[in-house]
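Multiple structures are listed underneath, in structure tokens.
Okay, so subunit A shows up in both of these, paired with subunit B first and subunit C after.
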Partner chain A sequence: MALVFQSVILGLLQGGLYALLAAGLTLYFGIMRVVMIAHAGFIVLGAYIAWRFTTITGLDPMLSLVITVPAFFLIGYAMQRFLIARLKPSTLTMMSVLLTFAIAMIIEGLIGLLYSGTQRRIALPYGTDSLNLFGASVPVVQIISFALAAVSLFVLYLVMKKTRFGRALRATIQNPEAAQLVGIDTNRTAGLGFGISLATAAVGGAALSLQATIWPSLHWHWIGPLLAIIVVGGLGSIPGAAIAAVALGLTQVLLEIPMGPTWAQTIFYAALFLTLMVRPHGFFGGRLAQRF
Partner chain B sequence: MSRKTRVTVAAVATASALVLTACGGSSGEGEGGEGGDDPIQIGISLPLSGDFAEPGMGVQRGYETWAQVINDNGGLLGRQVELSIVDDASDPARVVSDYESLIAQDQVDLVFGPFSTRLVVPAARVAEEYGMLFVEPAGAAEEVFTNGFENLFYAAPAVAEDHYNLLFEYIMAMPEGERPETVGFASMDDPFAQGTAYGLRDQLVEAGVEVVVDEVYPPNATDFDAIAAAIANADPDLVVGGTQYQDAVNLIIALQQLDYQPRMAAFSTAPTNPEFPDAISEVNGILAPTGYSNDAPYPSNEEFVEAHTELHGEAPQEDEANAFTTGQVVAAAVEAVGCAEQGECQQQLIDWLRENTVDTVVGPLSWDEAGRPQSAHMILQYIDDEIQIVLADGDEGTQADLVYPKPEW
Partner chain C sequence: MPNASSTLPLATKRKGLLPAWLSSPRQAVVAIVVVVLLLLLWPSISPNPYMTSAGVLILSYATFATAWSFMGSFTGYISLGHIAFYGLGAYGTALIVMHTPVPSFGAVLLAAVGTAVIAIPVGFAALRLRGASFVIVTIALILVLQLIFQGWSTVTGGSDGLTVPRPFPDMLRPQHHETFYYIFLALLAVLLLGWNFINHSRFGSALKGIREDEDKASSLGSPIGSLKLVAFVLSAFGVGIVGGLYALWFGDLDPLYQFDVVLSVQIVLMALLGGLRFLFGPLLGALLVGAGQEYFLLSFGQSQFHLVATGLLLALVVLFLPDGALTGIQQLINRFRPQSTSIRELSAEELRAQRAGTAGGKD
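On to the complex of A and B.
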């Protein structure tokens, strides 16, 4: 029983990180119908910057966010305006897979060139500390990355719901033509939305660097589960992605007790198939998916 | 093509043919059947790109150091050695065609093995077809030795299953009351990593130690929370990892986060990696098997470390040492038999190695019928944040006493 309780706690924390990593991915789809294969590549890039930042300055990797969040926002904005926006609308979804696949390869190659294929991990003074919660040990780094995920998702939610820009972005997602008719510059809005999505990759990367070893090709490991999460959650829906991420993360950890790690990780793909068979537009939210 | 051009092309072609014929003639006539003073050509295919590029380049560095040392000492049979190294991109199909062309077309005198079980097996098959001696630095999994190869020798102290042998002997020699009674295993689904862990597991089970956790995870696993929770929950006296680098680091930190305090903790591969103490702040007490140490007291080791450090700017690690050992093994056979070329000589080299022991930088090596080395891996432990050899074949190889129970991490 202690093991189940411990696993539930760890699964929830793990799910929080998945939610943060998937949030950006679901937005690209919502805004632009772009399958952003390079999102996990940018997450790993963010993790490498956090690692390098700490080894050079000796400061906490979280502080690297001051640099990476605005930098990733600008890169995302530029990527949308100068690359994605030039793809033909009729073949946008397919071509975006090819384009962002290439970008992922470039990121992986550059990281490998600069820092070799060696795995890196930040040794933090609080790296092995944990808090006791009703008999379960809760690692401090996981609490930090969960908090980071929660704050980022909450900010994202506020931006989407409460700001003028958020309303414009939602309008662009729901009906670009109508949005243009009421005077929204949908191109600019899409660029900003892309930038915000990529900024979440910077936060996710820093969180990832706290709790795992990183290496250049690590992004291939992440992109599969993340795509599964956003399909299950409903494309374009941030709350959907968050709920699906926590549910799948928790299920995965709990399944490891009877089934072992190899089979437990197939839960993402099993959920993906089930979703496509039973409810193709996703289980949580996701009215948008009906358009595809 | 104009007439003038045609004449020029024909002239160049004729001249080239004459030059080539002249060259061929001189090497054939002037130096006799043994190859004379020509360099001894050694053909090698290595994964210099692809999945195994990192260790592949390590093996390349070790081979280069060996070639330099032997050439500086007057060569092999009085002839210089030359390495012909080609890149197989970690591809088992490429490794086959590489050795085919090195042996059949380039007519190299000797071949050395590539890196990793996945490439060693197909490469050994080609070498056997051509009757070549095949000494290899990096195929330790059991499947290498169950293929019936009669030309293969593994140039390291022990196969994967035997890596923890000295640790097992140490545990069995402990007084009954102090001996670990329960053990937990976590192993990557990989022939080498699993081989190391299961070699120890099977011996411990036979000796009556209870296995309370036995987890296997896929090679790409990054999240070790659930495995760590299962181990911490069962709280075994001894935890053993059949690991490579990244999984060992993630697993150890996950175990530390759950404040599980084993009395003994052993992980294969990772602790010998120079990055390991940078990634984990509490390393003291962690044990690992290793086939090589810079400080090992074997006669040629000091020269190897010095030459390697001078050539490559850093001290050698296990991959480099196994490559250097491969060179030493082949060189010993060549010097003893007195030949190094394709044909009958190769069988003489193989027969000699079957019967003899070779002194190397990883200690004296001899082999069984299948090419398994008959020595033992040393066991190292982190003591005061430094690697110390705590168990070795013969007491002169040890640098410190094994610390048990291990300090808290």
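On to the complex of A and C.
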């Protein structure tokens, strides 16, 4: 019973991180109808930068966010304006998948060239510490990464709900033509939205570097579950993605007790296929991000 | 439906066998004869068995890309997950050969039928939705099969791999490569003929209707759902055969390679690079990408450089040659022909004057 309770806590923490990363992924789809395969590649890149930052400076990997978040934001903005926007609208979805796939391969290849395929891990002073949470022992790093995810999601929420830019972004998601009619520069807005989405990958990467061993092709392990989450949550819906992330993350961790990690991971794909069979628009959220 | 290959007026008028700049019969025949001769003679002119085996590998890519294009070319649905059927065909063949008395090539066929049966529900789920969801399902299919084949190690050998008994046990290695070279070549010929047959059939026209505008095709009463599914399953069957032959040839299976997302996308790259509209597009793309890959493997070894190179090539093709190299060359030629400059050089006023002039001349 204690084991189950501990797993529930761990699953919720894990789900929080999934929620942040899936929110970024679903935002791209909402803004541009782009399935951004390279998102997980950028997560791993962020993790590698955090690892390298720590080995060079000896400082905490979290401080690397000061560099990676703005850098990823700019990369995302440039990607949308100079690459994605070049694609023909009629073939955007398919071609953007291939284009972002190509970017993922380039990132993986460059990481492999620079740092080889060796598995890396940051040695943290608090790496093995755990906290006692209502009788469950929870690693400190998991709590930190959850906190990071929670803060980022909250900031994302504030930006979307409370700022002029957030309103413009939501308008662009809901109806680009109407947004243009009321004077929103949808191209610029989409670029900024893309940048924000990619910035979430930087946060996810730093969180990942705290708690996991990293290697160049790791992103393939992440992109599947993240894609499954955004389909189950309803493509384009951020709250849907968040709910689906926590639900699936929790289920995954609970299933690891009887089934082991490999089989537990299949829950994401089972959920994905089931969703498409039963409710192609996804279980949570409305049709294409009607609300935030 | 907006898809990978819409709005291309010059190609829709053509039969799709060869691009326009090869359209005169003599040029086309010469081109085909040269390619066929080169392909037929490769085992005899290749300098060493390694190059022969590279030829087998590239031919297996070419057959894969051609089988993929049964779906990708005609319907415009870019499936990134066809390697799943390749892996299923390979593992199916291996398991049948190992556990039953069925002869090797019978096992290939049986496994391909099994693969096609599995493709039916997958296609049903994937093809209900267009665009993004379809792509996501096809990627998810590979990832989940990789997990299953790694996890289910009592049957599949897991990451330790699976050794497939050879169909010709007393053949030496070079001879073995040569035999499989011709087997793959024969399969390629069959697939190309099949492609050409579909291209000229009513079925093919209906599929192309889906590619050009799915909603219109549907509103005209075309049973788009079952058409797409048939194309999907046919294509999966072909890829299953390719996988089974690969298992017999290579003799060693590993979930990481049999369900490799990157290889799957490389196959799509081959088909795209050559051009989806043309019979020999996937073959041409496979020759280019396959040869390039072998070159990188030889000169940079196991480094990750080939990933970067493939990624860059894919990005360039998507950005600048979305309709393939053959169409790209055609557009380049057209640009230098008279009367087809991309910029309109006559103003409406000049045109009116010109018309008035010719009309005056006639009078």
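Definition applied: the second predicted complex is superposed on the first by the 287 of 292 C-alpha atoms of A that agree within 3 Å, B and C clash if a C-alpha of one lies under 4 Å from a C-alpha of the other, contacts with A are read in each partner's own complex, and residues count from 1 in each chain.
By our rule, contacts are C-beta pairs under 8 Å (C-beta built on N, C-alpha and C of every residue); 3 or more make two chains touch, one makes a residue touch a chain.
The model shown is predicted, which means the values in this text are computed figures rather than measured ones.
*Asks:* Give one of first, second, both or neither to describe whether A:117 is in contact with subunit B, with subunit C, with both, or with none.
*Replies:* Both partners, subunit B and subunit C.
*Asks:* Going by the contact rule set out at the top, does A:10 touch subunit B (first), subunit C (second), both, or neither?
*Replies:* After superposition on chain A, A:10 lies in contact with subunit B alone.
*Asks:* In the superposed arrangement, does A:127 touch subunit B (first), subunit C (second), both or neither?
*Replies:* Only subunit B is touched by A:127; subunit C is not.
*Asks:* Once the structures are superposed on A, label A:144 by its partner contacts, choosing first (subunit B), second (subunit C), both or neither.
*Replies:* Neither subunit B nor subunit C is touched by A:144.
*Asks:* With the two structures laid over each other on chain A, which partner does A:45 touch: subunit B (first), subunit C (second), both, or neither?
*Replies:* It touches nothing on subunit B or subunit C.
*Asks:* Which partner chains sit in contact with A:94 here, subunit B, subunit C, both or neither? Use first/second/both/neither.
*Replies:* second
*Asks:* In the superposed arrangement, does A:31 touch subunit B (first), subunit C (second), both or neither?
*Replies:* neither
*Asks:* Name the contact category of A:262: first (subunit B only), second (subunit C only), both, or neither.
*Replies:* both
*Asks:* Examine A:229 and indicate which partner it touches, taking first as subunit B and second as subunit C; both and neither are also allowed.
*Replies:* Once the two structures are laid over each other on A, A:229 reaches no partner at all.
*Asks:* Jot down the residues of subunit A that show up as touching in both complexes, subunit B in one and subunit C in the other.
*Replies:* 117, 260, 262, 265
*Asks:* Can you name the residues of subunit A that touch subunit B in the complex?
*Replies:* 2-3, 6-7, 10-11, 14, 116-125, 127-130, 137, 139-142, 211-213, 215, 218, 221, 252-253, 256-257, 260-262, 264-265
*Asks:* Please output the residues of subunit B touching subunit A within their complex, sorted ascending.
*Replies:* Interface residues on the subunit B side: 53-54, 189, 215-218, 220-223, 225-227, 229-230, 232-233, 245-246, 249-250, 253-254, 256-259, 275, 278-282, 409.
*Asks:* State the interface residues of subunit C toward subunit A in the complex, per the touch definition above.
*Replies:* Residue list for subunit C touching subunit A: 2-7, 78, 80, 125-126, 128-129, 131-133, 135-137, 139-140, 143-144, 147-148, 150-151, 261-262, 265, 268-269, 272, 303-315, 318-319, 322.
*Asks:* Under the touch definition given earlier, write down the residues of subunit A that touch subunit C in their complex.
*Replies:* These residues of subunit A touch subunit C: 29, 33, 35, 37, 83, 86-95, 97-99, 101-106, 108-113, 117, 216, 220, 223-224, 227-228, 231, 235, 260, 262-263, 265-266, 269, 272-273, 276-277, 280.
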